[in-house]
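These notes open a run of structures that come right after.
In the two assemblies presented below, subunit A is common to both, partnered first by subunit B and then by subunit C.
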Partner chain A sequence: MSASYQAVGWNKQKKKYDWIIFSFCVVYLIVFIGVTAYVNPDYTFETVLVRSTSTLALLLLHVILSIGPLARINKKFLPLLYNRRHLGVTMFTVALVHASFGIFQFHALGNVNPLVSLFMSNTNYGSLADFPFQALGFFALIIFFLMAITSHDFWLHNLGPKVWKTLHMMVYPAYFLIIMHVMLGVIQYETNPVFVLILGVGSSTLIVLHLIAGTREVKKDNEEFGLKQDGFVMVCGVNDIEDNRAKMFCIDKERIAVFKFERKLFAVNNVCKHQNGPLGEGKIVDGCLTCPWHGYQYLPQNGQSPPPFKEKVSTYDVKVQGQNVWVNPKPYPEGTERKGANF
Partner chain B sequence: MQEFYIGWMDKAPRTFAQFVKKYLLLILPVIIVIAVLLGALQKKFSKGNFEFGQPTTVTGIYFNHPVPLIKVINGKDIFGNISYITIPLVGYGKHGADGIISDIEKEKNISLDQKEVSLKGTLLYNDGKTIMQVDKNDTVLVHYSGKQIASELLPQKKDLGTLSIKGEIVDSKCYFGVMKPGEGKPHRDCAIRCILGGIPPVLVVKNEKGEANYYLLVDADGAKINQSVQPFVATPVTVNANAIQYDDWIVLYVNKNAGIREISRSAFYQPGNAVACVMR
Partner chain C sequence: MIIEILLVPVGLYLFCGFVFAIAFIVKGVSVIDEGAHGGSIGFRIIIIPGTMVFWPLLLKKWLRAKKQQHD
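Now for the complex of A and B:
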């Protein structure tokens, strides 16, 4: 939520995160290359480089895609989510090494341009078994490239959250392309079933994690509220919300975060303007409702980020009757001041 | 009160930091196990060797047909027969040697065919076969003798009749040493590019023990068949062709319109049944 863009400050957490990524990547590469060299003394450097980087990139992609649902299932995974873009850029860099060497090895020094060769050598586009799998990897790499270069908040701000999020959701089609790249490529060569097994376990784990996280979300969204009165809906008791904390309610398809601050209740749209984070799982920090994903902040009374920041979310009317909290799901324009409800 | 994590703060709350530490300690061995499994269980690399950066000069008889090659004489065996090895020539990168040989012939206004020559190039070899890469940026022709060779040095030909054999078409350069693997689906694009660049295509026929026979492919008239084999590279095929043994290589003269047929993978390898006899 910057008004101007400066070199990113690498705080202690970021440095630690990056060191852990680097160390894990190095450990993987050393073990893979070491074992390959030991088991296959006839190995060649080029092949080991292509294979070690491809498998590392695929492993990183699985880790990246698991962090989202894991953080939805258990908030303790949030430290992994905050700097996930670092993992993404690392994965792209490793994949780029794989692709560059692959294109050089298989397509350079021939009678046509390597990129023409990539698409025109094997032209069995109509056959599944014989499909030119390298083209699939190429398109996935383009998606990862676009994601990597737009990972900075500068692009989030300039493209707008909707376009940016849509672009970054392309990671799922890219993942599908990569799985097909592997299945129609090296899996057709290797004979040991362990390769398919490892890939199957990885994909299944991702599917299960996304299903668990998604089911929880749907359950929360479909929660029924019985009591309605003058456009207001009774959502919970006053004591159900902790001080300086929020709760999310989905009323008439509107996700609303209701939070308690200085003996008042306020309601704002649950969806953070940064990356659609759940404000209802946030906390009041320094007088601002703070998103749990990346720490974006909003003032309770009007849903605006504190100056000079410009993000705004919709606000809603809240009232307290007896010990019950009532919310009107009709949104006010983003940034509209509301008094909140005393209790 | 539950702790709350904010990424831009310098330090994560204790419970978050401890949880992530445990998670990392859990996935570290998983990563190591995956690296060990993937590293250890890859298909065995071939024993092919490419003497990159170590040029060798070989002396022998150059022949234009069936593919550009040099026949290197190495004395006589115990039966008094001439001992030799036939080394097909390929160019730098993904190119055949034809252009380089033709340029030398034009430049020096000579014909190399059936003449004794010394050629400088880089050797690559595997499973009893040797190939030599010649590079137009090097001095390829080190020595040339214009003398006609003795008839006993001409290729010993033997008609093997019509064969129908199952195998995989590869490019001779990658398969015999430059690439590992130089066969199969992952290498298909490269093999196609090499073959379209003029590198002689070879049919590899293996039995269930992995023992292989190698056949050079040309068309029914003995001309290059490279363009026509493109759809069949690195996929199981049946080749029907007249086979002629030229010294230590067997050459298949393939009808380029009907001589090669793609077959299913299940028909290719049938456990327990040899798909070809291996000739040594």
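Now for the complex of A and C:
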């Protein structure tokens, strides 16, 4: 949160996560290089490096893009989301090795600037079969680069959440560029259709996951609440919410998380100040409701982050009548103390 | 050709960004963001590439923060 910045916010969990990513990458590269050396011993080392890193980067990119929807579909995947940016920076690094060796192999040995050569050695921009596919990879790499260098929270703060989020949503156009980079590249040098098939399976999986997660969200947002009284809306029964957990309700376009904590109910805005994570999918840890995405914390009774942090979210009135929970969707200013509802 | 013409200004822009980045991590960053007080050296190094790209924006913030200090 906004305490002093460190280079990398490592803790025990994140270290474990990073070790797993790192070991996976190393094992993948060793196996890929070993198998290629056995099956195609006449390939040059550069070719093997270009191909092993490109396929690893593509695989990581698919994992990265699956994590968001998976975490919305099933909470078991939330730990993956917790450190997604390290996965992203790893993917960029691997892709950078691929691109560097690609440029080295095809463009660095002449007397033209390699970057100029990248765009000008093949100028069939009007042809599909001979398209200079490497240029597409270049633009995708620029996007991944911008994402990697702005992945520190400092940038979220200083570019502002809107610009930052927009920049990081560019991962989707970048993904599209990569698909074209691979498809247009593969048809130029590969006759084996297996590669296209794997890519097809990968991108269909991503599309289906996003569609499932998206329709669930829309359904939740459009839920209608029948009973209204004095500005309050009846949302659920007291027992529908577990201890130290929340339920999210979207009332009049306000997303509200209703928490149960120490035999009381509290309501705060569902949208985390960090990167708009869903607070209602988090739980209470050490007396604070904790965002499931990166662990920002807020006090249930006033929506403020515990000192020294300064984030605040809006709070709402809750009341219990009989066994039913009622919420008033009119927000109080961020950080306003509410006393919660006994039940 | 377009590429050749573009490469020079892009290189210049990034070079200016690098020069700015040195001053920025030494001084500016703590002026515009209190989170940098007590932040580690590693943090300062890790924001250099981003500073080289987004330096005009940070420069604007820095100037604005300085003006506010004087007012």
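In this text, the second predicted complex is superposed on the first by the 331 of 343 C-alpha atoms of A that agree within 3 Å, B and C clash if a C-alpha of one lies under 4 Å from a C-alpha of the other, contacts with A are read in each partner's own complex, and residues count from 1 in each chain.
The definition used in the following text is that a contact is a pair of C-beta atoms (placed from the backbone, for glycine too) under 8 Å apart; a residue touches a chain by one contact, two chains touch by 3 or more.
Keep in mind the model is a prediction, meaning the values are calculated, not measured.
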| item | value |
| --- | --- |
| Contacts of A:194 with subunit B and subunit C, given as first, second, both or neither | first |
| Partner chain in contact with A:133 - subunit B first, subunit C second, else both or neither | first |
| Subunit B versus subunit C as contact partner of A:20, first or second or both or neither | first |
| Dominant contact partner of subunit A by residue count, subunit C or subunit B | B |
| Touch list for subunit B against partner subunit A, complex | 1, 4-12, 15-17, 19-20, 23-24, 27-28, 31-32, 34-48, 92-95, 179-181, 184-190, 192-194, 196-197, 231, 235, 265 |
| In the complex with subunit C, residue positions of subunit A that touch it | 2-8, 113, 115-116, 119-120, 146, 149-150, 152-155, 157-159 |
| In the complex with subunit B, residue positions of subunit A that touch it | 11-13, 20, 24, 27-28, 31-36, 39-40, 42-44, 47, 51, 55, 59, 63, 75-80, 82-83, 105-112, 117-118, 121-122, 124, 129-130, 132-134, 184-186, 188-192, 194-195, 198, 242, 282-283, 285, 290, 292, 294-295 |
| Partner subunit A, residues of subunit C touching it in the complex | 1, 3-4, 7, 29, 32-40, 42-43, 45-47, 49-50, 53-54, 57-58, 61 |
